[in-house]
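Two complexes are shown next, each including subunit A; its partner changes from subunit B in the first to subunit C in the second.
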Partner chain A sequence: MSIQSLSRRDLLKIGSGLAASGLVTIPSFAKEITTNPAPAGRLGRIDYSKAKATPTICFGCTTHCGVVGWVQDGRVRRIDGNPLDPNSKGNICSKAQGMISYTYYPERLLYPLRRVGKRGEGKWKRVTWDEALGELADKMRPLRENGTPEEFVFHYGRDKTKGYTKRFTEAFGTPHRLNRRSICSSNRRAPLMSFYGREFEWETQDFENTKYIINFGGNPMEAYQGGLYMMHRIQHARVDKGARMVTFEVRPSATASVSDDYFPIMPGTDGAVAFAMIHVILEEGLENREFWDRWANYPIEDLRKVVADYTPEWAESHSGVPAADIRRIAIDFAKAAPACCTMSNRGSAKHYNGVQADRAIRTLDVLVGNVGKPGGFCLSTLRGWAGRYGQEGLPKLSQPGPKTSSPKPWGIGEGYNETAFKKLPQEVQDRVNAFPDYWKEKYFGELATPSEYPLAWHWYQMRVGQLVYPYIREGRQKVSVYMSYTLGAAYGYPEANLVRDVLMDEELIPFHVAVDISYGEQAELADLILPEATSLERWDMHGTNNYGLIPYTGVRQPLTKPLGQCRSIQHILKDLAQRIGGGVEEYFAFDDMESFYKEWFKNLPIPWEDFKQRGIWMDETREKDYELYERSLTEAELEGTEVDSETGIITNTESGKAVGIVKDGKSIRGFDTPHRLIGVYDEIWKIGAEATGLPMDDVNASPIAIYDTVPEHKELADDRYVFTTFKWNVHTQGRSAQWKYHSEIVHTNPVFMHPDTGAKLGVAEGDSVKLTVFRPTGHTYKGGEPGAMGDFENHVRFLKGMHPRVVACSHHAGHSAQGSVARAKNQLTGPKEGIAGDKGATQDPDIPKGIWWSKEKGGIGGGVAINDALPINPCPLTGGQNWYDNVCTVEKV
Partner chain B sequence: MPETLPWDRVGPQFKKDRKRAGILIDLRRCVGCHACSVSCKTEHEVPLGGFRMRVRYLERPEADRSTIAFTPLICMHCQDAPCLNACPSNAIVRGEDGRVVVDEGKCDLEQECVTACPYGAIFINEEKQVAEKCDLCQHRTDVGLDPACVSSCPSEALQFGDFDDPEDPVTKIAAATGAKGWKEDEGTKPSVLYVDHEPWMEEKANGGVQLSDADEDIIYEQNNLKRKEQA
Partner chain C sequence: MTMSAPLRKSETATADDPVAPVCALLAELLSREIDEPLLSLLRLPEVRSVIETVAPETGALPGAKWDAARFEEHSVEFCRLFIYPGICAPRAEHWAKDFEEEQFSVRRWFDNEGAQPAFTPRIEELPDTHIAKILVVRAGLAGASEELVADFEAQMIRPWAASFASALEQQSQLPIYTAAAAIVGALAETQPC
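And now, the complex of A and B:
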């Protein structure tokens, strides 16, 4: 990215502009040439003498890079990177422009809508905000008055308000602020929190300085939370500094494709390879013994015993990765230490054995002692600045008061919500009553804290989103008002048909209100639709871990007024709170949104106006977050503490919290775990197994990482394949199919397979196949249920980089809603009462007539919906959806 | 605010004079993200179906390599431009800095340029009723900004500069890496040079920017999919 930088001078007017006659003279050419006037519905060239750039934060995916939006005549025309963002460094990807697509989409929801006719029938009338919020408040108020506020369930898909929606749910008094963490990354967060503490559920490898990366199924070149921050650093390190990256994957992803080595790997066997590498490193004596003995909470001799049989040859028999390569890579990795690191995300973790796989992978970094070192596996703060570990000296940034507090936990005991608890099925009550106190104290019912999955909420509420709908159906929680916020469960959850069934049932869900920007599969099944302002039209506080290893913060600010009658979620909840009353309104007594955010950022050392102009703030003089654990505790931090003579743990006597550890006579920070060491070994898995009845020989019950094959992959029959899904770089989750330029590039989701697999099946490229998916067989939802779970038909593409036992379809496509672009139709399909269609700012000559890939125009269409055929499959204890274990048959149609 | 913000350093005084404007495309860095191609469509409101640039996904043919190579394809701003030579209306002209541009006022839609271009760089914009192609974002470079594609690239795979200036980074990198033009045998002397592009890519991406039925590509599926004829 390179905006020219020259010295400051006064701006001169260019003097060009559209003449009334339409032709524009381009003065910079030796000959004068002309450009035709902008056709109807087009805006014409951006005039950079008029257009103004304002910084904000992207919302094209979940990485949230700092960007600037160029606005001309009140309209956002293009997005560029913000070079002041120390994380993205001015870089963006294709999805940034998607913000413009969704803001000006002809089928964007612009008006509140109320269902007429039957739910799901698609008949709507436009209502005013007053009517909409009036009705909603009237339905919600009695829940508080009757002492059952938990019957209001707020369920989000993407919420980056950094706590604003929590302000509302806490003020209202419901613990039900549900999410989709388990759909995504629970399995990889749990190992990190077990190793490094709640503050570090995500790592921050120092890619700028690394020499060797082992990548187990991560794809930062295309997706991955923080992917762009990682990607540009990795490419620089590789091309300019000779760093090497090795990737284990099931398909030739972009990351695999730019890696120096790519090995197709049998799904669910990443752990085996990682264990074998541990075995080799120990065998070769390449471990960093000093680091291990100082910081790991597990004796190395015990680790040796764990991996004694996990040889490279053994790993090859499971994974297909040649033993010689496993050996070579392990040695190269260890020799590059400490400037080396592992990388892993859904590829390794979203399996029945994925949590243990990631624990093994994380052990590799501890073993070679690269943790917190330059070029190594570092940890840098990811959360709001409240004086936590790693945030010392940073200005505190918190929402303006008054501060809300969590509703009471449920259970028997003084101060607990006994009424709510007693409504639970007896089996659930019995299980919870047998829990250790530290779980009882944070139990809030089956939707927020499912008792069968205690590790889904042990560190904090990751929850198990994909069980919300089955649990509601089973009667584990009564719901009165259900609010979907930027949620696409009816499209993107496993067993999406079950989601739709529950949403359609007016006894289970008496009232459904959807807040979103487009008429998607979720909004279709609502009773009330509230049109939201897009990310270009609203405020948010921003913060995430910086791969440049110095904490920073940013602000999302409106570039334009919301279109139509759209309102930001902040406005909606504020208005709703004021209407509900009964004390809820006290938390939303501020006047305007900007002053709310100004107050939030008030402790920044720069004026608010300066911060808005830059969009980003970082203390440039702050040291990088290397070896946070070796930092000495200050006098202030040591005040009121005592040391345990045996363990060296330094505890604050008042709070009872551990704050450090004594090593070699020095009082230092240590890791943010109870034992202040790295939690290679953690009893919590054993405790969770005992509390839930998970057999102790299940791979998920082990307190130390171990390997076991995914249950349904054991003795996988010859005619069975593993079905996996993936993401493209031009799309994000289930909300980008409406972005015209992105869907123009990728609008289908064919079944990718190895040509040999095709030959075996007797199919050629383009042939249609039927994929039949079976239920998993482990200890999970409907585990072992015989027969097919679901099926779908789609056409085949060959890629020789596919693992021969894997077939894969992407996410993103196969929409039955979200308008003409997402559905590949040449008619507008959104409710005409809710959209502007071909009028006003959302008119677009491309939509819907320009959608050339529609079947009507002889095109290939918009893909196939596959999620109805993908089983709900929560990993034992953590609840992470095991998306990548699915066993299927493939038949030519 | 003491310093000028980067996005305020925009204006005709920031325009650089170049003799041979061009783009260096470094395929060692490209990750196929499409930031460039989508940025281009956004910047120029290119209608759906038309492309000033594409990012090609080409399956590597080597037996021991099973991954995908990415390559942006764009107008090459040839120093000996077949489109310019072919146009009967003289509607394609060369700017001071060597870039090749369509003079829309003169375009008569004869489409000789479309046929003449070995890179498939030109398409017909039905809305504007002209031949259209990359113009190196003249309206941006005039105010000191890089072309939209270059500005968007997150891995510095695209760099804009002056191949006539020996001190320009693009010239230096091109020299150091032996960067070459696409389809050199055509004699077009392109001002877009590629680092690490391989001959097999030219074959698989023969249709260039607009693609052709014979082309192979992973991502632009409709144009590529070899389907059985429906009975």
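And now, the complex of A and C:
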């Protein structure tokens, strides 16, 4: 019998049988229906008499603007900006609405799933949370009991829990809380910390009051942590106050398009331009000698020698930027001081010579004395609020206790984990044993603290995420349980195919649990999937640097209950800790998440309910963070200190930590460096080179910033181009491809090139080309390995304003998972057992009826995945991925 | 077996409306994995005969002995069909051709009727346009006026039932879900009994 043969009459027979059996209990709604129904409302529209507005913090990208969500009938209908947020001032971008997209996405993960069949086969069954966490705890508990907690590896892509996940990993006892910082920004953070200390891994330019901005490869209009905070200030400064912005970029980005000057620049030559500007400023006598002598730890006459040959003409020969413009800009910049500033993230830094480029750029600010000045390059800490530099007088906010502590560092001797250390390859042990003590005390194995990249963890653990998988494959660390959290490595890491190979290998990764909101390439290769609550459904403490220069804090609070059976990561880890037991649970013995966060914020001078209503708190009477380094130390801070008569450094005798410096007879704070000065010269680069065997003539080994061309760009053959990637303003890395409204705007990633480049290659717009990428040649992972690394095909778009030696793609497209929108496929392919809470809201007809840009419907499709073809390329010493150095050939297909 | 939290039960109503228990059964099949209680329902002669006729292969049928492997096999199939990759997404709007905005929203339907539904937690957490939720409502209309029931079926069930049933029949690899497809297909008939 087929379904055509079963009639309604047959149906009635079945029903009669069921009814007669007495086994069926069914609800009764008949009597609920009134005889006078209420007028039908339009549930898809907001009724402001019913909707409730609740402030929270956006999570569309890493900027985290304060927003207000309108909730009606249990569903978030709309996101507005929170005018109380002193950073964003009520502004938001389209990505804020993306939170609604990803929360109500039909293919969102809603239930724990357990793999059935082979890993990666795509066969799953639902399990309960009890089953899921029970199995996970049973696998993790023995690791602690056997003294090998480090075999649990937690690897996140985006964690804004402000230390909550660290609470778990430390309570468990593993040092392996890995991240993707090296994929992102470690190369731009290291120079900042080298100059200003650990507290200032991110700067806070005073754009509101600046007169001149030099932008080296930054793109706050589209993709920059804090971009929205910056751009509305920059635009006001430009439009209302006549400030000027000069941008050096390899392509005409949105930021370049609103700049007063835009120069296409050869990739990897930002440093050359910055050095030439230093040369000009010194030549013209426009440096702020007083500031330099007071605060730079390097004699200016020595700087003059360093840059003696770095003339504008020399810089032009490298960069393509006209010498006359370099000169003009340098002079204008210096004359605007101190109300001028540089900006760089990440176009200048993600090169083999990028760290030195950024050190040169940072030197520009010191040279003109704009550091900490109104309109200048200020420093306002972005770290959360527990006695940080510059946060004196603020209410102390810290995670509720009990406080966890770090596991023992790995090494030989008292206080070290010798067992774990002795499992390391001998070569690694030898290298670590030769480290200075201050590195030995911070060494926790090759995944967290790779010994070949000591500056990836010298200031704090930035790690080298793109080496995690090769190192696991090489056997540098045994893994028993691997937990990935909102991590898209299997799609987005360089050599993503290597990531997938390792994840597929059940000997290397015996058990993989993926915590995420969507079924992406990473979750596909898991054994257990745990569905996470989205940012609209969870708590977090919020703290970031304020471009208004007064520290503030905020709270992310749930607007609705998590859909389906989703749970926040905080809830998941709390439950997991309690199941693992053995003392781990003691750190998670709070009643519920709200009470935990209420305790966290308990020292705020406003009641908890008021804070939740505002979403934001700031002491509006507080002075702006100008010249923090000139602030006097208090009596309490001076207690128990001694002064070095030669250097003036004030040191706490108990901790041994420098806390200030004496200048002009006054005890002031200075900078958060060991010498309390600005580290224009820093031996740590040389020390790192010596410790790792990096040749001392390598550009990265120099204790003072110098310039050298990216190795594979030297003598770049005429048929070779530099391939660069970028992010669109409506997307955030590769994690937003399933946001329907954003993918409607941008859903593909053509190869952009200058029309002249196209003419030279014999390609027309729309033609398909094949890009073949080669390995880098410097001192890096498989550096110098001959032959092609990988290739991909894509179609061409011309864009005037591109540098003629550059071709560029965005890196967010070409998904093979993440659902129908991300894949631009008409068939739903992700978990779709409902979006609970979808109570009467508008259903987007495109998703069930097909994606209009799919190839099946005659559209252009969802783009091309490119990351398999891009080589792992960690910068020496810091490990930051040199994304923008890739050399390729381009052939018409 | 109780499939939901105890709610008012009207034996008279269901006797007069035999479609109601069918919808209740379908709602269970489309919203959760088969367990012993649900299997008991599938073993009822009227249901079993449909399964055995629609898909006469032996071994996977309710009458056969079910061990843990058999239950897991069906859990995997349930997940494949309805969760991941969810080839037969049990969302009404995926299977209807032309429909008005929010037409299949259970919540909207109740609001229009001036009522508040009281679902069990498991059904409550399903989306508003989940086929199982719609079927639970249909089941719960036993005893309501014929006009109301007819309107509900016309608006909330018939637009998607045939299409969903066809897809489920094609995609299912186990006879119980093929039978479910047959039963859903019968719901799509416009001719009353």
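Heads up, the rule we're going with is that the second predicted complex is superposed on the first by the 834 of 893 C-alpha atoms of A that agree within 3 Å, B and C clash if a C-alpha of one lies under 4 Å from a C-alpha of the other, contacts with A are read in each partner's own complex, and residues count from 1 in each chain.
Convention: a contact is a pair of C-beta atoms (placed from the backbone, for glycine too) under 8 Å apart; a residue touches a chain by one contact, two chains touch by 3 or more.
The model shown is predicted, which means the values in this text are computed figures rather than measured ones.
Trainee: Between subunit B (first) and subunit C (second), which does A:73 come into contact with in this model arrangement: first, second, both, or neither?
Mentor: second
Trainee: In the three-chain superposition, say which chain, subunit B or subunit C, touches more residues of subunit A.
Mentor: B
Trainee: Could you say whether A:123 touches subunit B, subunit C, both of them, or neither, answering first, second, both or neither?
Mentor: After superposing on A, A:123 lies in contact with subunit C but is clear of subunit B.
Trainee: Is A:519 touching anything from subunit B or subunit C once the two structures are fitted on A? First, second, both or neither.
Mentor: In the superposition, A:519 touches subunit C alone.
Trainee: Report for A:335: first if it touches subunit B alone, second if subunit C alone, otherwise both or neither.
Mentor: The answer is neither, since A:335 touches no partner chain.
Trainee: Who does A:111 touch here: subunit B (first), subunit C (second), both, or neither?
Mentor: Second partner only.
Trainee: Go through the superposed model and pick first if A:565 touches only subunit B, second if only subunit C, both, or neither.
Mentor: second
Trainee: Report, in rising order, the residues of subunit A that make contact with subunit B in one complex and with subunit C in the other.
Mentor: In the superposed arrangement, which is not itself an observed complex, subunit A uses residues 1-6, 8-9, 11-12, 14, 23, 26, 28-31, 33-34, 36, 38, 43-44, 845 for both subunit B and subunit C.
Trainee: In the complex formed with subunit A, which residues of subunit C make contact?
Mentor: 1-4, 6-11, 13-15, 17-25, 31, 33, 40-41, 44-47, 50, 53-54, 72, 75-76, 78-80, 82-87, 89-91, 93-95, 101-102, 104-105, 107-108, 110-119, 124-130, 136-137, 139-144, 148, 165-166, 169, 181-187, 189, 191-193
Trainee: For subunit B, which residues count as touching subunit A in their complex?
Mentor: The contact residues of subunit B facing subunit A are 1, 4-16, 26, 28-29, 31-35, 37-39, 41-45, 47-49, 59, 66-70, 93, 95-96, 101, 103-106, 127-130, 138-140, 142-146, 148, 150-156, 159-160, 218-222, 225-228.
Trainee: Residues of subunit A touching subunit B in their complex?
Mentor: Subunit A residues touching subunit B: 1-6, 8-9, 11-12, 14, 23, 26, 28-31, 33-36, 38-39, 42-49, 53, 68, 77-81, 83-84, 88, 90-94, 96-98, 100, 221-222, 228, 231-232, 235-236, 239, 252, 254-259, 262, 264, 610, 613-614, 728-730, 740-742, 744-748, 750, 764-767, 795, 797, 799-801, 845-846, 850-853, 859-860.
Trainee: Please output the residues of subunit A touching subunit C within their complex, sorted ascending.
Mentor: Per the stated touch rule, the residues are 1-19, 21, 23-34, 36-38, 40-41, 43-44, 73, 106-107, 111, 113, 116-117, 122-126, 519, 563-565, 827-843, 845, 848.
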